[in-house]
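First chain A sits with chain B, and in the next complex the same chain sits with chain C.
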Partner chain A sequence: MKRTTVLLCMLLLMASSPIAAAGQPDQPDVEEIVNKANLAAYYSANDGRAEVTMTVTDSQGRERIREFVILRLDVEDGGQQFFYVYFKKPSDVRKMVFMVHKHVTRDDDRWVYLPALDLVKRIAASDKRTSFVGTNFLYEDVSGRNLSEDSHELVETTDKFYVVKSTPRDVNGVEFSSYTLNIDKENFLPMKAVYLDKNGKEYRIVEALKVKEFDGIPTVTVSKVTDLAAGSSTLSEMKSIKYDIGLKEKIFTERYLRRPPRAVRR
Partner chain B sequence: MKNIIILWLAILSLVLLPAWAAAETVPLKDRLYDNYGLDLAGFAETRWGGRLVDDSQEKDLSLGEARLQLDLSRDFDTFIVEFKGDLLADAVMEEVTGDVRDLSIFFSPTDSMDVKMGRMVSTWGTGDLLFINDMFPKDWQSFFIGRDDEYLKQASNVIRTGIFIKDYSLDLVYTPLFQGSEYIMGERLSYFNPAAGAIVGRDMIMEDSAPNRYFSDAEIAGRLSSRFGGVEAALYGYSGFWQEPAGMDADNGKASYPRLNVWGASARTPLFGGIGNVEAGYYDSIHDENGANPMVKPSEVRFMAGFERELARELTAGFQYYLEVIDNYDNYTGTVPEGMAARDEYRQMLSLRLTKLLMNQNLTLSLFVYYSPSDEDGYVRPKISYKITDNWLLDGGFNLFWGEEEYTFWGMFQNNTNGFAGLRYSF
Partner chain C sequence: MQLASSVTQFSLNRPKVVTALMVIFTLVLGAFMVRVHVDTDPENMLSEDEFVRVFHNKTKKDFTLHDVVVLGIVNEKDQDGVFNPESLKKVDALSRFAATLADPDDPERKVVSRDIVAPGNVDNIIQDGPGRVRFEWLMKEVPQTREEARKVRDYALSNPLLKGSMVSENGRALALYLPITSKDFAHAVGEQLKEKIEELGAGDDQFYITGLPIAEDTFGKEMFVQMAITAPLAMLMIFLLMLFFFRNIQLIVAPMIIALCTVIATMGVLIGTGNTLHIMSSMIPIFIMPIAVVDSVHILSEFFDEYQRNKDRKATMEHVLGHLFKPMLFTSLTSAAGFASLAFTPIPPVQAFGIFVALGILLAWLLTILFIPAYVMMMKESSLENFGGGVDQNNKDNKGSLLNRHLRWIGSMASGKPWLVIGFNLAVMAVGVVGIFMIQVNDNPVKWFKSSHEIRVADRVLNSHFGGTYESYLILSGTDKELSSVQAADWLTRTLDKQLMESSTIRAKVINAIREIAPTLQSGTELADTLKKLWEAELDQVAMEDELGYDLWSDALDGLERMANLKEVFKRPDVLRYISDLQEHLVAQGDVGKSNTVSDVVKKVHMELFEGDKGHYSIPDSVEGVAQTLISFESSHKPDDLYHLVTPDYTRANIWLQLRSGDNVDMERVIADIDQYLTKNPPPVELNHNWAGLTYINVVWQEKMVNGMLKSFISSFAVVFLMMSFLFRSPVWGLLAMIPLTFTIGFIYGVIGLIGKDYDMPVAVLSSLALGLAVDFAIHFLQRTRMTMAKTGDWAAAIQDMFDEPARAILRNIIVISIGFTPLLLAPLVPYQTVGVFLAAIMFYSGLATLWMLPALLTVMQGWVFKKELREFAENSGKTV
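Our next item is the complex of A and B:
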């Protein structure tokens, strides 16, 4: 169960779901692969903390930086979890907090805290495929895509990867027609996802560029999303990664929106 | 003339100072943090606006200013000290002023209690630019002339305590001396003066006499809240004063702030793929003598319901219905002098907000509309803002007031319709 990366939030998308493709006898079936990949990418340890810098580069080479601290607590592996994102840069969003209660069976609950107005605002979570704070990462890249939203097929097994093709069950509401995921055979981390648009053309790539172990947990520390159509990309770099720091559920409440917990302050 | 020169020097220095600080090899920000653990941020901006309709009572320039905001905080681990202050050079009022937006200390005396005391901005409730149980000071004048939304909320001197037991939170905000909201009194924006029977401005600035005795003119606001599944519910109570003049002091003829208690409740929940909210409050105007006191605004019931959701990618719409009902209406109408228009028993208002994000969320187009079918008046605020870089922000918009009558809530501001634009450098 718990292993692997955290934070990940930002990390790669993966998805998987209970459609089992019958595998060959010596390898796991696709359901097991995508489940393990989901746990590896989004549910490492019981909780985690990381400092993240995202650098957005647009088609003209202009850069914008987003810097934040992210906390994650799992209520149940593969199930409910909480995220707390505390922004440090740029200065117009400094001290802003974004909080998510992720649910598997219903829409997520999301809040944002705007310090200048001391305002706790609840935001609708209907569209998870919108940009996360103006980067090429989507909300779904940050908190994970529900495995049951796609059907999964194991298309190839290479020396290093399980190659899984995922097709959305409901094509309305998503901008892709399918995506192909390379999942590391050893640690089950999703290393690369290539998205095809509705015309079957590649337009979006999410890839893990660097993996390091923290407390024995393989963790993607550098990842990148490239939007081939727009010519822009976002590089996400994580540092100060820590697992099992003993986060409590109460941190993920309005009280701590208005006053950031010690875990994000340093 | 001399004032104008000083003003321009102030504006210039406010804009150049941060540029100088940023240009140093080791930025001031980093030195402060590395040497003293001080976290510094802030911005410098200049912002201008003009009236779009003739108003003989007021200047054509509705907004003209340079502002420097500095935000300094230090985390001492067991407590946090924060300071946020603005220095404002104002070409409309021809003055340079300071405004402390935050000067506070925060600590947690026990695991289930938070205390923040000092000067700060406070907000609660569920409405979007509609407030029922949020009795903290506001500054609609700043909002109406096109300052940043941040300035809709005024800072006030309070002791804020939060007590957290199991799933319940009890927040208490004690204000030792009533402050009240900044209201439209003719100095900068024109308004309807019932005594004059007309829209007036700088030649008839409203005078008020505010409560001014520490502790006996205190305010206390409380909120008990919890979450039941996806539903956030809260009960509110407030004891203090009307936040804007709501009566007349018989001794000196000045506008007064009569005593007021407010009792209310709210709920907010995910609904139909969006967020729904309801909120209600009873405004108990203690000295209104059941509406029969001509010197005091009568008690009211206030209610609102709202719904917000995403219509399409990066396009969000919010809709609200708001209702104000005057309690003991017959008693109230008996106090209205002959020839003066009485308020309607029911005042209804609708609001619509549309927000569209474009260009990787760097360009924001927004529209906020208030419309009252009962008063036949409204207020429209289209706004555009563009993040040129992570540091530079350009924004602009309009404040459009409209009304069939001069004495209704929005109608009285009809000569204040204006356009504005601002440029901000954040650091």
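Our next item is the complex of A and C:
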């Protein structure tokens, strides 16, 4: 999870666009940029753990809090990976678990465990642009958007950023018409994504507010999603970030939903 | 009267100065009209700091609720109703189009696109294979096949939040709910939708647009059209009628000028003083016009009858004004008092209405006594010649004689069989009183349109298909009581004792800590804070391998937080079940077609989490179960939808009611029913309840209006009586002056009760007009009777005189005004029709009561009411003899 959670979307896979940065030979090509960004945002180290507090502030300034521990294990960089999200707050959803097996070539597998109902439920992930437990983050922000779903175009290179505009290949599946990503030239972390709605109006901003190095890995520790139309926003703050803690694949299985692995606890 | 004659003299001697002054005065005041600010919002019937409005606005904010335009789509021809690819394509196009609507001049006035309820914009939770649920847009894209279209329908029908509101119960019609940020944007939304529908081509689909905001906003727009059409039409009608009676255009132009100047000046002052042009104030011209014309007609009618006798306009005018000045002043004062009393109602627009009609009446009086003499003086002598003899001749030969014959018949009947007349009127009054007790107070802004109006049609069609297009919100709120330290200890002990079973060591540590610390502290919060520090330290010390220890200390800490969350009453299963029961009760009563609550959300999601099993359409048994169900719902495309039904802190919940009728009586029944239910079935925790929503606000202002009107009417009745007694220097004559008014009110409101016409805003306001007009006739009649009696000394002779020219003036007024306002009947807006019909009825009956009852009563009472007049007569005749 690393920077992670936060991260928005960016993920771009390569499959994409030939348009890109043709004609600028001195620069990396757009596919390379989005790939690197994807890796920097979602695949740092082999695994990771972080404690996350998300604070949702609605248009009237009312706050709601979600606190959880997130574990991530990469099977292969840029490819399959696993997420395990263990909720601590609000207290009435404590022990709730959300697990994702992210795939690049097919729909993700997602599970939720609801302890009070003693229920493990699989959630269809064909549409990942649903809210992450009521926050302004979408599931896709947390686990990453498949690079192949958009075509990418390098629209500008500034002193600090590569500015990439991504347009979905299937407009029906999503609520935006395109988004523009500022990718840090140094570390390739996506720093800001601005989404345009179907009328071409900005309506959603995802931004990294703070980046810190852990084990030499630049990591977004504070990020924010703002929904301009609703006037609400969610701030995500990460602490206790650790990389390469030796997570085992077996804990990312249904069996561990009811009995969380020790790794989530401290 | 000294004042009278000096004013008259001035006017007779300086006609051009008077006229110029009047024109300048009117133009100056009229110029303020350019500052007009229109306000068609019935909410403004209540002042802004009225509790219900404050609460309504707070509710809208707390639950992010908006006023809604309802677009209904019905297809009677297709086998699947609107659930066919073609209709759904239009539905989709319309909802996408609606999402873009905004006022180009003020982008804040817009459709709130994210909260639109439409198949493409609502989320659905469905089964997606064994053990798997799926959140998806109900209609992600327009279906290509009939089968897909039917699937959309089936999913919608299986969602209790949509069934009866977005999709009709029979699965054949759809309703889109388009929230708008500002009610006064509703009409524009409606118009643009209509254009879009036109462009798409309706085909077999029928489209209906309704909802209170659109009714209210459209009413406002049409109101001005009506003002621009009917008010001038009424004026034209009055003009033609006067032309018919007086046969002299030049002469009758005068009252028209006065009415026009009065209306312009009054509206100018109204607007110039910063008042908005509201539904009520838009009626001011219609009320001022008859009253302004009435005075002029009194003068002209007499002038017309007398001029031929002495052929000297100056002398005639002096004579006419000599005996009309006083009654005219008093009629104007009493009418003005009647309207001014509306200033004591608690409803700002009604206050403004009363005050400015009163002002207009006084202004009309002033202009009448100033301008009419001046005008007569400015006329060419030749046209007066013509006017005097010729017309009178004409009159006698033709209709005039018919009029006269009838008048004489009424007069002889009243004096010949007085008891019959009195008895008949008492009988009418008795029936009237019965009718008054049958009056039903009711209003509904949608019914301000004729029943053939498209909004009324839409209202009927959509309310027959759906749960209702009238929304109101019942807000329940927990009463947040802080626990004392001892109470908190008790709760924690009970809760944790059970939860920490697995380790007696930890359990003992926890329980002991509570027992020891609690008595030393005051509040539960303090206790929780202290325990939290203690137990967090314990948790930190738990060894890495000790999973049980970690779990249990976490549980203990969790218990502290759950205690803090006890105020989140709307996560409690018992409270949610209570709400469900209340909903069931409401729907069973019939007025509420549909209700949406957080309980519905919990039940629906709970069911889908358990494989769509109907047995799980229920509230989970624990707060945690509810919370986890709700957080599952929040993992959808539109988690915010939850917060239309409950506040994020779960301390307040919205029972969102849809009513099929916006009639206040129906809403009142729901309110009474809920009060009763809450008393009979006390909720599991103490809950406060309060209402919001336009349908409810209408009930509140109606209540205030009816009570306020009643009070203001009673007070003005008393004031008018005192003024009459003062004018006639006799309480008996004062009482007599009240007779026509009392019988008119009895008759009019009796009829309203008997025919079942709802007592609504215009009907309420008409009582003031009835008072003003009826008193006007009575004063003229009585004042003239006393003068005639003093002159003739004999009642039989006096009554003959009375039923000549004075009665004719009254009758002319009755005819001019009652027929003059018939154009109002053509208005497509019911309040205007009401005013037209009742204006005529009031004129007719108050005139009748004056000309019929007063002479009958005077005949009966002649022995003792005329003492003063007879004395005067004796003195005069003594002198003459």
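The definition used in the following text is that the second predicted complex is superposed on the first by the 244 of 266 C-alpha atoms of A that agree within 3 Å, B and C clash if a C-alpha of one lies under 4 Å from a C-alpha of the other, contacts with A are read in each partner's own complex, and residues count from 1 in each chain.
In this text, a contact is a pair of C-beta atoms (placed from the backbone, for glycine too) under 8 Å apart; a residue touches a chain by one contact, two chains touch by 3 or more.
Note that this is a predicted model, so its numbers are computed, not measured.
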Which superposed partner A:L117 touches (first chain B, second chain C, both, neither): both
Contacts of A:R265 with chain B and chain C, given as first, second, both or neither: both
Touched partner set for A:R62, first chain B, second chain C, both or neither: both
A:P90 touches, of chain B and chain C: first, second, both or neither? both
Chain B versus chain C as contact partner of A:G134, first or second or both or neither: both
Partner chain in contact with A:N172 - chain B first, chain C second, else both or neither: second
Partner chain(s) touched by A:D107 [first = chain B, second = chain C, both, neither]: first
On chain A, the residue positions that both chain B and chain C contact, one per complex: 58, 62, 64, 89-92, 94, 116-117, 119-120, 122-124, 126-127, 129-131, 133-134, 232, 262, 265-266
For the chain A and chain C complex, residues of the former touching the latter: 58-60, 62, 64, 89-94, 96, 112, 114-117, 119-124, 126-127, 129-134, 139, 172-173, 175, 199, 229-230, 232, 262, 265-266
Interfacial residue positions of chain A with respect to chain B in the complex: 56, 58, 62, 64-65, 89-92, 94, 106-107, 109, 116-120, 122-127, 129-131, 133-135, 232, 250, 253-255, 258-259, 262, 265-266
Partner chain A, residues of chain B touching it in the complex: 41-43, 75, 77, 106, 114, 116, 120-124, 149-150, 152-153, 162, 164, 169, 225, 227, 230, 232, 268, 270, 273-275, 308-310, 313-314, 316, 360-362, 387, 389-391, 393, 426-427
Complex contact set, residues of chain C against chain A: 61-62, 64, 100, 113-114, 123, 128-129, 131-137, 140-141, 544, 547, 550, 554, 558, 561-562, 565, 571, 606, 609-610, 620, 622-629, 631-632, 634-640, 642-643, 647-649
